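Across the two complexes that follow, chain A remains constant while its partner is chain B and subsequently chain C.
What follows is the complex of A and B.
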């Protein structure tokens, strides 16, 4: 498990980019206080999904309006064609943790990334 | 057009007001004279002069940009031309009005090319997708996360000053020149107070509470100063405004309402309302006083607003100077909310709609007549005959103060 942030660091209805993983992930906290963790980078072009728009358990990329289902990573419409990688999230004692996926990330052209943990606490 | 002639009898007797003669006129042997000079012709055609007016006047002063009701929701927007700049006005999610230069901070593309609309999420440059929220902050851009040194506020849309009053949003681009905007009270409010005697008479109309019953946009092939000068005088009224002169018989004397402080032109005895045929308009606005009822007041608010006050509505002109020889004029007819609902709503009453038509038609004709006259003058502004300008008759002499103001702003001397 990888520690990402405190739950209070994430405003309900918004996302937070966390860069202690590689590639960075986005922690989303819905208005219903569900927490989801996905790769932060849109699969179409280098844009931060944490800067996008959270509606229910979907996030819309801030650049080109592709939307991703935070539960499955599936994309709803072009220009993104591939889903975003999801990570299993857990909130323990007000802290957000995630089991980082070992699948290959679906990063856009020109964005480097590995599944290795860049820094931070693991448990 | 009146021109001075060397042969003019120098001993000609003239009445009020006192004669004034310019050096230029004296040089031509014309003295004394009832006639004052206008600005030289080049100030109506010269691109460099117009650019100076933009820089010194429109891009500094409070410029009436939009009606607040034009921005009903978060993300509603309008784009307007202020001097040489395109300005983007919107409303934030907190309900506040913001104005920005309509220029992407990245490579300078126009953010919004439409005159008006509503954005769901943000303003996004159509070139490289730099994306700004309604506060102007840069919220996303391709590769932005790998440029952590790019400050999202510093590289947000460039804000200009806004001030809301009487239901309109004024902007000032003075901050772009590193200056504070001028005092709103000493400029916009002062122009209204000077003409009306004080701001107190405005209360009767409660302009901020009124709704737009009709808006007509005129694209006028004339310099903005011709339009101001035309609005300030009524020497032309009896000639080109037959309908208006029927409603306001005193306009036939050529002395505009703007000639006197606090004077409103009285409706003719047979006239029921300020309509194209003198038929009844609507009930007087709730605050109407006996002094103001059945009267028409007109105010020029520099640099680009005309306000017309009648008992049942307000006609509000905003000019957008587009070039030396082109001015877009947006004219709003403002009525009590109940009148607009009854005359234009989903369940509009045909009789109320007809009254609104008759009400709008009067000043729409006045506008069309005035702008045609201005367009008739514009081509001659570059004539050699008009190099030194034309002349103002006594009932137009108050326009000289406007000319002095323009010269002072552009040349720094009066």
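What follows is the complex of A and C.
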């Protein structure tokens, strides 16, 4: 499990970009207080999904408006065509942790990144 | 009645999106896509950004990807449409149109979608526009030619400080090219953004050490066969190895003159709010078109990537006689300059009141809102994606915050 942030760091209804993983991930906290973790970079081009608009458990990419289902990573319509990789999130004692996926990330062309953990606490 | 053969002219963003929207909407008849470039559909915005600086390769620009089918379409790439003969139909008889290609092929179709986009406006020959080293940037081939000349230490002058010119300037300076910009108007981007915001965005050049000469027209380019400089009306001479004219684009509609398809004064195909032209069975979408804009009570041409992607869904529904797909979303575009993402949405006509809701114009991180009374009608963000997307959603809705 990888420690990402404190739950309080994430405003309800918003996302937070966490860069202690590589590639960076986005932690979303819905208005119902569900927490989801997905790769932060949109699968289409270089945009941070943490900056996107959260509606229920969907996030809309802030650059070209494709929407991703945070539960499955699935994308609703172009321009993005590939789903975003999801990570299993857990909140323990007010801290957000994730089991980082070992699947290959769906990063857009020209964006460097790997599945390796860059730094931070791993337990 | 569903058509039997749809011909889409223009094999780029709007043409490809139209083909996909037709198939998504259930159209299973014949579909032909004609494009005069040698390439399958590719994405243009990276041409002044990641493709120009070498981060992206040509294959990264493809709009189709490996698991995309070819949409069961006949792709005629490398072919230019040169004529359109509109059959007007008759009561009970569907119109049949003929599209003639440069090799003499005639395509007979009962629906035609014009998606020919635009071409870069060139500097006229008498000003030196034909000299070697003078470029425009619209196509992949243009970008390859320009990229080859942007070597570190070379001197680049951009004529025109609009969005594309500004992006090229930012990219080239990152490549170690010695860049300057000249702009005939006193404030760059005053047309789309207004003078105050335009000046703030143009301030990014100064903040990154790129000289910008405003308010002085270009008298001409200098050089015998190869360009060696840009001469301004006030006598200033800027030495240059490479010149790029970023002075706008013109709708690629010359081939439609005299066909009966109505064009606006600026040469765009005039269409209604669903993309239908006054000729039954002919639609137009993307950069070549000017759709009816109720807010402005005029035909309005947007040259935005998003509109070229989204509006084809409206065209497909109209063409197939399905329930209208209304695109209520405000026109939207973005631009990346010096690592700052600019985003603009809305319909700005010029007499709005401006407020800065976050950051500052001087600081280059503003979230600026344009108001008509208590209604926000447009929003611009400089590196403010979160706030921008929130405000974008509230456009057109009266707010007490004004």
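Going forward, the second predicted complex is superposed on the first by the 123 of 123 C-alpha atoms of A that agree within 3 Å, B and C clash if a C-alpha of one lies under 4 Å from a C-alpha of the other, contacts with A are read in each partner's own complex, and residues count from 1 in each chain.
One rule holds for everything that comes next: contacts are C-beta pairs under 8 Å (C-beta built on N, C-alpha and C of every residue); 3 or more make two chains touch, one makes a residue touch a chain.
Only a predicted model underlies this, so the values are computations on that prediction, with no experimental measurement involved.
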Original post:
Here chain A is shared; do chain B and chain C fit on it together or clash?
Top reply: clash
**OP:** Classify the contacts of A:83 with the two partner chains as first (chain B alone), second (chain C alone), both, or neither.
**Re:** neither
**OP:** Tell me which partner A:47 touches in the superposition: chain B (first), chain C (second), both or neither.
**Re:** both
**OP:** Have a look at where A:24 lands relative to chain B and chain C in the superposition and call it first, second, both or neither.
**Re:** first
Original post:
Looking at the overlay, does A:109 come into contact with chain B only (first), chain C only (second), both, or neither?
Top reply: second
Subject >> On chain A, the residue positions that both chain B and chain C contact, one per complex >> reply: 46-48, 51-53, 60, 62-64
Original post:
Of all residues in chain C, which touch chain A in the complex?
Top reply: 17, 20, 50, 55-57, 60, 65, 68, 305-306, 309, 334, 341, 385-386, 388-390, 393
**OP:** Spell out the part of chain A that touches chain C in their complex, as residue ranges.
**Re:** 14, 46-48, 51-53, 60, 62-65, 78-79, 81, 109-110
**OP:** Show which residues of chain A lie in contact with chain B when the two form their complex.
**Re:** 17, 24, 40-41, 45-48, 51-53, 60, 62-64
**OP:** Using the touch definition up top, name the residues of chain B that touch chain A in the complex.
**Re:** 121-122, 124, 129, 131, 139-146
